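Alright, structures below, take your time with them.
Paired with chain B in one complex and with chain C in the other, chain A is shared by the two complexes that follow.
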Partner chain A sequence: MRKKLVSLLLTSVVCLNVLAGCGSKPAPEEKKTPEASSEIPEENTADTQENEGTEINTIDTNMTAELNIWSSGEELQRFVEGFNKIYPNITVNITVIPNKEFLSKLTPVLSGGQDVPDIFTGESDYVKYLVNAGVWDDLTQEPYHATEKLNDIWDYVKNVGTDDSGAVRALSWQTTPGSVIYRRDLAEKVLGVSEPEEVSAYLSDYNKMLETAAAFKENDITMFGSWEDVMLMALSDRQQAWVVDGKLVIDAKMETFLDIVKEIYEKKYDLNVSQWDPEWIAGVESDNVFCYVLPTWGYSFMVKANAVNTMGKWGLCEGPNPYINGGTWLGIYKDSPNKEAAWAFMEYVTLNSEALQEYASIYGEYVGCKSADDALAQDQGEENLAGQNLYEFYNQVMAKNPNVTITEYDGQINTAYKNAAKAYATGKITKEEAITQFKEDVATAYPDLTIE
Partner chain B sequence: MIKKGIKNFVIYGLLLLLVAITLVPFYLITVNATHSSFDIVTQLNLLPGKYLIENYRKLQEYVNIWSGFFNSLLIAVVFMIVSGYLGALVAFGFEKYQFKGKRILYMIVLASMMIPSQVSIIGFYRLGLKIGLVNKLTTFMFPFFAPGVSSVSTIFFLRGMISQGISTSLLEAARMEGCSEFRIFNRIVLPCIMPGIATMCIFNFVNSWNNYIGPLIMITDTKKYTMPILISLVKGIYLTNYGAMYLAVGISILVVVIIYLFCSKYIIDGLTMGAEK
Partner chain C sequence: MKKKSINDRSGYGYLFILPFFIAFIFLGLYPAVFTFSLSVQKWDGLAPEKFIKLANFERLLSDKVFYLSIRNTLRIWLISFIPQILTALLLAAVFTTYRVKGMGIFRAIFYLPNLLTAASVGLLFHLLFNGNKSVANNILQALHVSGAPFEFFNDPVFTSNLTSYIQWWMWFGYTMILVMSGITTIDKNLFDAARIDGADRGQTFRKITLPLIRPTIVYITITSIIGGMQLFDVPATMSDGTGEPDKAILTISMYLYNQGFKNHNYGYAAAISVGLFAIICVMSFASLKAMKKGGNKDD
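After this line comes the complex of A and B, so read on.
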């Protein structure tokens, strides 16, 4: 009898584990119904209700709440101190999650519906997916009514955060227009000029840019850090996004760009490395890389952060076309119990011009709020840019309305394109094969897309 | 005699080469942890630099590496003990008792080895959610040592050991003396297979120490983050700060190195046990 009991115990222990394994059956996706937002538990809104002000404008700054925020970067933490000066009773807990795993962590939590953070961020690679999935609240509706305030936001920030039905679901504290970040001293040496407008003239279209690269090559200077940088710019050169109405579109400009990549590779106009490789970063401090084609984040995180000996030798100029790339958005979870407090924080981070000016003056980031950027453009320029004012420069780029072609598929499609372009440039496959390979890769990643 | 000398020379030469190859990564991590990012990306560093304190300061600025260190240690130690003891218990049950459905159950246990943990992690998360174990302060470790209750590789390995090393007559003798079944396991079986358990414990410890995706999905509180997540955060935050990254990696492998240094005897003993028969 005893023997049996022990064996029963042992096997049940095993079964427990097996059962735990069985739990992995995919549960039915939570319905993304719009009415879900109307059935929010109201208990936490109690203290704001006492002055009968359902209008968020008359919100009292004494409200008490605890906000949970998931972010893929540490930037949001920088706003907390200033925010708590206005709202001392709102506790803000920010959890930073590595960007690469952000979606894999968020997905199970969203489908479980428990412990979902009140606010979470979305990187440009997948922000459209989150916007269209309807997991964030529409900010133009109750209780936010943000429509008027959105006029002070750059269109790019607003448009990317808007879903197909026109609901604004995500906003950002930053905007990320692009530039060619070049070395003034090397420009002077090879081209004989160093001011942004003059250098821009040498980069007015892609062919001219490659001719300029040849001139630099003669002086043993590599034009670009990596051709992948140039791709960020080329993506804004096309008229159509990767996916239009569920169909993969390869813009003629992207086909031409394959040849540009090949020329850059064959004539060694770049360092033959990928972005964020050590050599790519080290190029900032060497005297044989002329420029990096990168948006605002590339300048502040990469070039400025690493320039020590080359401090003050940099300049920002425009390339063949204005472009914009990347960014992090944030939105309020549709079933969050702390919507008022969440909106107070989000408003502070994305729409409060004074707060953004202060943030930008410390961290040097170009922000999403127009009036803040205008004010900052009046200040004196940056030391690293030899006195050039980056806000003034980026304002000019934004005024040209760079093409925005961001879709929810971009992350994987861009990777597939890069792989195909690389294989073609190195001569492993022909151009036709590269395009076929690209289409196949996209079809594998997104079987639902129509591919011709 | 000379022939033998040459032979030894070649053998020792090759072995020394292997040692060098094995040590190079550890050496590079240690050395690079003392250099600035810029030096790391631009040159090959063979001698220690002066940036250790600077790197440490940068690392501590954003992530609290020591809290991650102790979280990881706590989880790994509990996981190691639970998986070692219960693994042996299950293996003993499968080997020495006859009961209905034993074969099928054992098959299921083995089959579960083939499901990668990445596949079942979402289900595991939902299970934890249903029984209220996710993200609770007191029970936050539970999800990590629960799988240790039946760590398949441990069961498989120890079952083989029990079948070879412990004869049924030994158990019968104990039973004759009036020893209870549970006592038999604790007092007779466990000491006999200790080297094997020690081996598996070390492997399980290292597995748990390196577990990245599990804690990442299950923990949402930064204070409870484990070592691998913090290292990944350092990567994400600094993007280019290789010095701080190397230092974080260096701290994390420290424990594993120490474990192997002191326990390598058990690992070798455990793996070769029964080989001489």
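After this line comes the complex of A and C, so read on.
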């Protein structure tokens, strides 16, 4: 009997551990120094210095503070050296947490209110969730008063960082308009032209784009890396976001896109892999992938980063519609004890035109500050793009005001859409079933949304 | 009575087990209780919690995806567990009855997969089978297998069975070592007596070894149920967290994780967690009971 009791007890302890494992909050993985909240010294007006381009700054550049920043990428680290030249006494500690784990690390810390970083980032998939939750401070209010400085920022950056009440809570160092990143030599071979405007003419609408894909297929060249790339462009072809007033909206364009996916799959116009799969990346160096439909980040982090033998053979042109997709924003935690220092850093990273120009000239990223992009558009073009100036190109895309349709639900809804599209493309289900499956998946993820 | 104060050490026992219970209360019991309380609330992780009574459980009971995830988890577990225990028994029987040269090396090799992180194993197999130019497809094409290259990860049956295979491959060595240690605790005299009575090796294994390692088998089964029901890393890394194709490898834990950390329905995720807890409890007690019942018959 006692043995039974013991085994019963042991079993329940083990079982309870199951629950505990699920309920316990994951701790951030790095050794954090809790004494981050050093006091900001009194403002020293004698030390006032002009450093922000047109703005006269009354912030004390000698202020001492230790800033803790969580970022889902490496980029912010690149600004620290330049920042410390102006603010030598602000220590910036950046913890990089991979995007996939970012929210699962951040939300427990935010809900506990302990050891929350002064600044943290949010990627486009969930940035709206953070913006609408009000965990970042409104930058138009005390102590930031950023309203006027925001004029030099692209609307996309500002709008995504603005919540429903009009409070600007997040900004970014980058803007992410898209392009068709294509191989000039392959275009010359198949289409007989290689300049961006000429190639664009072959991609002026989705049907024409598929006809062009057929021409490449005849030459044993795969048009796209993955249809998932094309979806990034198609998302900006919509007039409405996935969710409007708590209701799921399936734009007619997204229904049509299902058929485009099917055609790409059936006629083998892509490599039949997902984005970031090794084969998708390897396509950059092969001679049988014509283009990648990707925004700025896709060009700098993927194509340019991997082009060795194909260096100088690339070009950027426009597809059927201008588009913009992705990006990483950052904001200041509403209860941060280091708001002034945090703002100094954020201002440097997102609004300081000179700093952004310097950053862009080293890393080749298209930035969120208009005056910086305009200045860079005057420079020489890129070697990898055979002399094309990417800033000039992206400025043109931005001038066309691509539709912006980011919602806080996008990450999961896009995944559900991709799964449904793939099931339809591979012939497992009909188009109607795909739409039903998509709606069911969205309902499972977000039961509060109205779905008709 | 007179010597009790000096020699009675029963109190020390409690002192020695105290550290475990302290850790358990804070790291095990408290989160578990918190999970229960969270399961009757609506919480997106950032806004204040809202008490919604049993709404999460009502939703859970009518949630098709939850039932699908239970079926997936059970299927993946069962298809990996049965071969796992059979292989372990067979190998343990061979290793303990025959003198195999280099047994230590074999044992180490069989155990090795268990030392790898499950997440990296999932990624590894994803690389082996994903895409037209994957290792598997390259080999099949080189062998001129008709139909190659295959879209392995478009096939729910293949993906589910591959997950089971990985689980088998990772765990049969561990199970084998447990079975072997169970066998070595059996009194040698019993085997000698059996041999003198004319029993052959098969009979000895069936009539002596198997009944006597029953406690080991019970232990293996219950820990395997608990581990199997919580299966997460391998299918999650293999399908990038989605459980695709056709949600074939969406396990209960993955669904729980997605509802919590991706959809921000922490309350509902906690309800799934409670559901998982109930399932594991029922299965553990049922298997305990089933095997105890069989055991009593032999006593």
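The rule is simple: the second predicted complex is superposed on the first by the 395 of 452 C-alpha atoms of A that agree within 3 Å, B and C clash if a C-alpha of one lies under 4 Å from a C-alpha of the other, contacts with A are read in each partner's own complex, and residues count from 1 in each chain.
Here is the rule we go by: a contact is a pair of C-beta atoms (placed from the backbone, for glycine too) under 8 Å apart; a residue touches a chain by one contact, two chains touch by 3 or more.
What you are looking at is a predicted structure, and each value in this text was computed from that prediction instead of being measured.
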item	value
Partner chain(s) touched by A:N272 [first = chain B, second = chain C, both, neither]	second
Partner chain(s) touched by A:G112 [first = chain B, second = chain C, both, neither]	first
First, second, both or neither for A:S104, with chain B first and chain C second	both
Contacts of A:F301 with chain B and chain C, given as first, second, both or neither	first
Contacts of A:G411 with chain B and chain C, given as first, second, both or neither	second
Touched partner set for A:Y446, first chain B, second chain C, both or neither	second
On chain A, the residue positions that both chain B and chain C contact, one per complex	7, 11, 13-18, 20-25, 100, 104, 107-108, 111, 278-279
Residue ranges of chain A touching chain C (in the complex, touch as defined)	7, 11-25, 100, 103-104, 107-108, 110-111, 129-130, 133, 135, 271-274, 277-279, 411-412, 415, 419, 422-423, 426, 428, 440, 444-447
Residue ranges of chain C in contact with chain A within the complex	24, 27-29, 31-32, 34-36, 38, 44-47, 59, 63-65, 127, 130-134, 151, 154, 222-223, 226, 229-230, 240-242, 244-246, 253, 256, 258-265, 268-270, 273-274, 276-277, 280-281, 284-285, 288
Partner chain B, residues of chain A touching it in the complex	2-11, 13-18, 20-27, 68, 70, 72-74, 94-101, 104-105, 107-109, 111-112, 114-115, 117, 276, 278-279, 281-282, 285, 301-302, 305-306, 308
Residue ranges of chain B in contact with chain A within the complex	37-38, 40-42, 62, 86, 89-90, 92-94, 97, 99, 101-102, 105, 108-109, 112, 115, 119-127, 129, 134-135, 146-147, 149-150, 155, 180-182, 213, 216-217, 220-222, 229, 232-233, 235-237, 239-240, 242
